[in-house]
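There are two complexes below, and they share chain A, which is joined by chain B in the first and by chain C in the second.
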Partner chain A sequence: MWVYVGRRLLLAIPTLLGTSIIVFAMVHLAPGDPIAAVMPAESSQAEIEATKRAYGFDRPLPVQYLVWLGRVARGDLGKSIATRRPVVLDVRDAFANSLVLALSSSLVAFGLGGVLGLLAAFRQGRVVDKLASAIAVVGVSVPHYWAGIILIIVFSVQLNWLPAMGSANDPGFVEYLRHIALPTVALALIPLGVITRVVRSAALDILNQEFVVALRAKGLAARRVFTHVVKNAAPQILTVLGLQFGFQLGGSVLVEAVFSWPGTGYLLNLAIFQRDIPVLQGVILVLATFFVLLNLAVDLAQTVIDPRIARQ
Partner chain B sequence: MRRIVILLLALALPLAPAGPASAQGTLRIGMTASDIPYTGGQSDNGFEGFRFVGYQIYESLIQWDLSRGDRLAQLVPGLAESWEVRKDAPTRWVFKLRKGVTFHDGSPFNADAVIFSFESIKKKDAPHFDPYGSGQVGFRIASLVAITKIDDHTVEVETNKPTSFVPYQICYMVIVSPTQWQKVKDWRKFAEQPSGTGPFRVTKFVPRERLELEAYKGYWDTKRRPKIDKLVLLPMPEPTTRLAALRSGQVDWIEVPPPDAIPQLKAAGFTIALNSYPHNWTHTLRLDKEPWSNKLVRKAANYAIDRVGICKNLLNDTCIPATGVVYKGHPWFGKPKETYDYNPAKAKDLLRQAGFDASKHPAKAVHLISTSGSGQMLPLAMNELIQKNLKDVGIDVDLQPVEWNTLLTRWRAGFKTPENEGLNAWNISWNFLEPWSGFGRFFHSKAVVPVAVNTMPYLNPEADKLIDEAERTFDVGKQNEILARLHEVVVDDAPWIFVVHDQNPRALSPKVKGFVQPQSWFVDLTSVTVR
Partner chain C sequence: MAATVALGEVPVVVAAPMSYWRTVRWRLARDRATLLAGGVLALIVLSALLAPWLAPYDPTAGSIRLRLAPVGAPGHVLGTDEQGRDMLSRLLWGGRMTLVAGLTPVLVAFVLGAGLGVLAGYLGGIANTLIMRTMDVFYAFPSVLLAIAISGALGPGLANTLLSLSIVFVPRVVRVAESATVQVKSLEYIAAARASGAGVRAIVRHHLLANVLGPILVFSSTQVSLSIILAAGLSFLGLGVTPPAAEWGLMLNTLRQSIYVNALVPALPGLAIFVTSMAFNLLSDGLRDAMEIRG
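For the complex of A and B:
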């Protein structure tokens, strides 16, 4: 078990190195310039060059990369070009905000999706099943940023019930809930669709297996059959849940931008437009690390639920 | 898609009476900046940074009078009570500083504070040198070489050559508190707990999210003590987000509402504040290559543009036609010979005179434009209209849209890089706040890239002479006359396609009263009340 964990953690290192190289290369290949973004539009090329030298952006790319890597190895993500704050602080705050949003939207999506998927599987072909399929299709096909804008129009602008943007300014749980409600719904749409479908198909697979027929023939109560089905479908569903949670955390750029929710997605969006390379690299590195760890956690959870996986 | 959303947002009538209740006298502003402008003194984020942060927390020795909308904002005494150039030495200016002014931290304002602030921009080896602030403002005060203390309330400013533009440059340098800096000894920390002499002081700083300020009770100008208690600044780069925030009552004031939403905002009781200010939206032409190397073609292009149509149909009257670098009524406008009204027939005629015709010698150009960007208004829609206007008279323009940051980077490098070799113009908006920004950096032969941003390049000895003469003329009235003559020359040469002047639209909730929209990039928030 621990050997397995150790090996997986070691494997994470090349993954993260690869990610950081790709990010670094892509940021530098893209047109635009980190210094140009923070200098006044009127400043001349000569002034820009001088500032570039001050920031070390005039050195060859591999050198810049190695310098960055050396600092990261010592736990220093550098300083934001735009705000001059240590990237660690920016990423920490943003990550906390994104985590809360990812948790709340996952809670909604996983709970609702699980119930709908199971209902659909056990009532296959009935109205509930069709409804669940419809919700699943809508969930995965409606662009969530568009849904976000519609939610703002209806609930913020028209009904004036909920704030249109930002996180809570005044302390208080209710105020916080009011701010997080709309982004949660918008962000929950895609995983809701995905999970409804996965749960439905996983449960159906199990339901069609012979042992379920045997259980039923044995006269086992429907409630007990249900438990067996859920337990057998769980590993497959868990993998998807883990991945979806990761996507919720890293893939919420558009939703966070629409609602100006100050998370990693919003930060990433800002950093891209400002060409704020240290921030960009810091956020992506942290997200990639999180993804790797999350996958590991899911794998471990699977072995706990289904010991056969560990034996393989 | 975005336009539909904007329409929906604008049409939606609030059913509930008002948004969440706010504290008494709090003004909340949705800015277009994507981040909170730098609070450590010398502002970033262009003039929006000066507008809401730089000039609210801090002040400069000379400042802009923003209390009137009926004339161009004038320079008035700020932290200096008076200033004059020494008769015996035209490179030395004596500034008499205001007495009895205190910083937000309680320390007194004096000559040392002026020198400290100057050194933070100019003295690279000083412990309090601020490389970031210096990058933002250093080039704007390029001709100031030293400031020396005469006594506690008098300083002498030395320039590298006799220049009458000193008062304009002094405006850009805000005065920070040396006492507060000594407490933290770091510009980032200073930016989180800044201290200036301005009418507002910072109470809460949440990076990238919000900046909260309160009225500074000890502000020296008793007539300009803020009427509101609290000012909250929120960065909202997305126009639709700003609109939704205003409509849902989360903010009381937004910068640049989407033009499509303006009629509906008005109908719902919001105020749209508009006024002329030193802004122009142009195509800067490449003058060493066909077709724009030919003055007649440039004039033809300027007669081909339906500026009234652009302002009326596309921008809902949030701009006025531009027929020169500055607008009519501005002291530098003068009496240009060319009027550049919409006259396609004349444009075709000029093009023919220039020897261009559709079959044998077609006029073709490639223009680099941006997809969005600060001050760029609605670049895609406007450029498509311009493209059509030019096409109608026989000039074929291929538009190449790039991201704003990319456009700025490529523009600074000039036309003569491999990447830009195929281009004939760029579409960027400018300010003409002072003579250097308006004319010097574009039209002086000494400002050719990379020294400054004369990218075209525009080389005209007469323009050089007039710019130099204006710089040597210390009487503002006479200086304005020279600049008006310069403007006449430039308009006649048509090195740009002049298109429009923005009117700086902002939308204010009906609760906001007492605001005067000045003819300036900056605003005075001290007269504002919020019910």
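For the complex of A and C:
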């Protein structure tokens, strides 16, 4: 198993390097000059050149990449072109806010999706199953940014129960919950659909295997059969949970834009419109790195649960 | 071909074995949800195609005196938007944009992804490592983030949306194509074909492609709804189609501020995205079941 763990860790290194190359390349994908775009219109050519040198934009690309990578490795993501603040600080605060939102929506989606999927599998063809299938299709089909707007229309505009925007400053726990409620639901819709579907099919696969028939035949109580099914379906479900959690952290841009939730997505959106390339790079690099490490953790956790994987 | 055989007194219908595609058609024709989804989709595509003839007004011509008319207003069945433009006309024209922006990337991904995937799977070795490890790097990004990041760096516009979404979907199709190819390649009949002297081209065309294109097609079809949601999402963020053109995501964005005045009209473009994406999902589910492809 340790050989497998070591190999998997080594494999993550080229992926992380590739990720960093893509993130670095983004600056040069951008049309126009990233410096000229943020300089005052009346600045002279000499001033623009000086700023370029200050940011290191005048050197050859591979050198720029290595210098940048070296700084990133030391935790320096550069300075925001728009605010002059260190990017690390902005990204750190935003990341914390996004993490809270991703955790709360995961809690809702994983809990509800798990229960619905299992109910559907054990009551195949019955009303619960049909309901679960409907929720699964709606969940993966609904544009979640639109769902967010609908939630605002219903709960903020019409009923006036919950706030439509952002997170309150120094709000206290209840007020915080009121602010996070709607974005949580909007963000939970897609994973809810995906997880309901995956849990249902994973549980059905196990239920149809011979050993479950044997367990039932020997008269094992339904509750104990249930435990066996859940245990055997767990590795497959765990992978999907890990992926979905990563998607919620990295994919919350649209929901954060709808609710003005001050997370990484909101920061990214802001950076795009201010053409603030260091912030853009910083946010994407941090999220992608987190995503790669999360996948790694899930893979390793899987081998612990199911040793057969390491032997393949 | 069905023949009735008298077995005792009960007539038993014995069907001749059907060809694979006839079986698929037969199953689809009996799947009501899939037929309904297909019908809805045909209607949406047709109305988008016929928008120039169906739309009662110019989708970009507004009137300041008629802003945010409610659904059912005289002359404007679905009301008007924040600039007094007819919603029905804009939804019809917007469908064209959204469908083009959502379908093109998946089409590109299908062609490019199938090509690269089959190549990687068939050749194996260094070519496989090179292609697949490159694709893995794109997997390091959650899809929404990758699309927004590339679009954000490139700037707004339909062409950039198509490019960034294609980059999202190509690696996914490559993975499916590669694993399907590796599976089929190891089957005995390929070895038999090679032993009987079939050339590489004949094997790839007649034996490999014939068997891997089905799964690749079905997988690609499952990606359409996500592609549509993302394409509309990019314009919702202001990164896709630029105003004053009509596009569902963009309409949703510009109407967002108006939910306090009129709640129903701003919800319409999102409803259109939802219905379209759901129809695509149900259709691809039905297709997968009918073709008996797992995954």
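The criterion applied here is as follows: the second predicted complex is superposed on the first by the 261 of 312 C-alpha atoms of A that agree within 3 Å, B and C clash if a C-alpha of one lies under 4 Å from a C-alpha of the other, contacts with A are read in each partner's own complex, and residues count from 1 in each chain.
Just so we're on the same page, a contact is a pair of C-beta atoms (placed from the backbone, for glycine too) under 8 Å apart; a residue touches a chain by one contact, two chains touch by 3 or more.
This structure is a prediction, so every number in the text was calculated from the model and none was measured.
Asker: Contact-wise, after the overlay, does A:287 reach chain B, chain C, both or neither (first, second, both, neither)?
Answerer: Only chain C; A:287 stays clear of chain B.
Asker: Once the structures are superposed on A, label A:14 by its partner contacts, choosing first (chain B), second (chain C), both or neither.
Answerer: After superposition on chain A, A:14 lies in contact with chain C alone.
Asker: State whether A:199 touches chain B only (first), chain C only (second), both chains, or neither.
Answerer: Neither: A:199 stays clear of chain B and chain C.
Asker: Who does A:109 touch here: chain B (first), chain C (second), both, or neither?
Answerer: So A:109 meets neither chain B nor chain C here.
Asker: A:22 contacts which: chain B (first), chain C (second), both, neither?
Answerer: second
Asker: Considering only the touch criterion stated at the top, classify A:257 as touching first (chain B), second (chain C), both, or neither.
Answerer: After superposition on chain A, A:257 lies in contact with both partners, chain B and chain C.
Asker: Per the contact definition in the header, classify A:273: touching chain B only (first), chain C only (second), both, or neither.
Answerer: Touch partners of A:273: chain B and chain C.
Asker: Give one of first, second, both or neither to describe whether A:153 is in contact with chain B, with chain C, with both, or with none.
Answerer: A:153: touches chain B and chain C.
Asker: Identify the overlap between the chain B-contacting and the chain C-contacting residues of chain A.
Answerer: In chain A, residues 31, 149, 152-153, 157-158, 257-258, 273 are touched by chain B and also by chain C.
Asker: Using the touch rule from the top, collect the residues of chain A that touch chain B in their complex.
Answerer: Touching chain B: residues 31-33, 36-49, 51, 54, 82-85, 89-90, 93, 149, 152-153, 156-161, 163-167, 169, 257-258, 260, 262, 266-267, 270, 273-275 of chain A.
Asker: For a test of understanding, state which residues of chain C touch chain A in their complex under the given definition.
Answerer: Residues in contact with chain A: 133-134, 136-138, 140-145, 148-150, 152-155, 225-226, 229, 232-233, 236-239, 249, 252, 256, 259-260, 263, 266-267, 269-271, 273-274, 277-278, 280-282, 285.
Asker: Over in the complex, which chain A residues touch chain C? Could you list them?
Answerer: The touching residues are 14-16, 18-19, 21-23, 26-27, 29-31, 137-138, 140-147, 149-150, 152-153, 157-158, 246-247, 249-251, 253-254, 257-258, 268-269, 271-273, 277, 280, 284, 287-288, 291-292.
Asker: Tell me, which parts of chain B touch chain A in their complex?
Answerer: Residue list for chain B touching chain A: 5, 8-9, 12-16, 18-20, 34-35, 44, 46, 131-132, 135-136, 138-140, 187-188, 191, 207-210, 232, 234, 236-238, 240-241, 244-245, 247-250, 374, 402-403, 405-406, 408-410, 412-414, 428, 430-431, 437, 441, 449-453.
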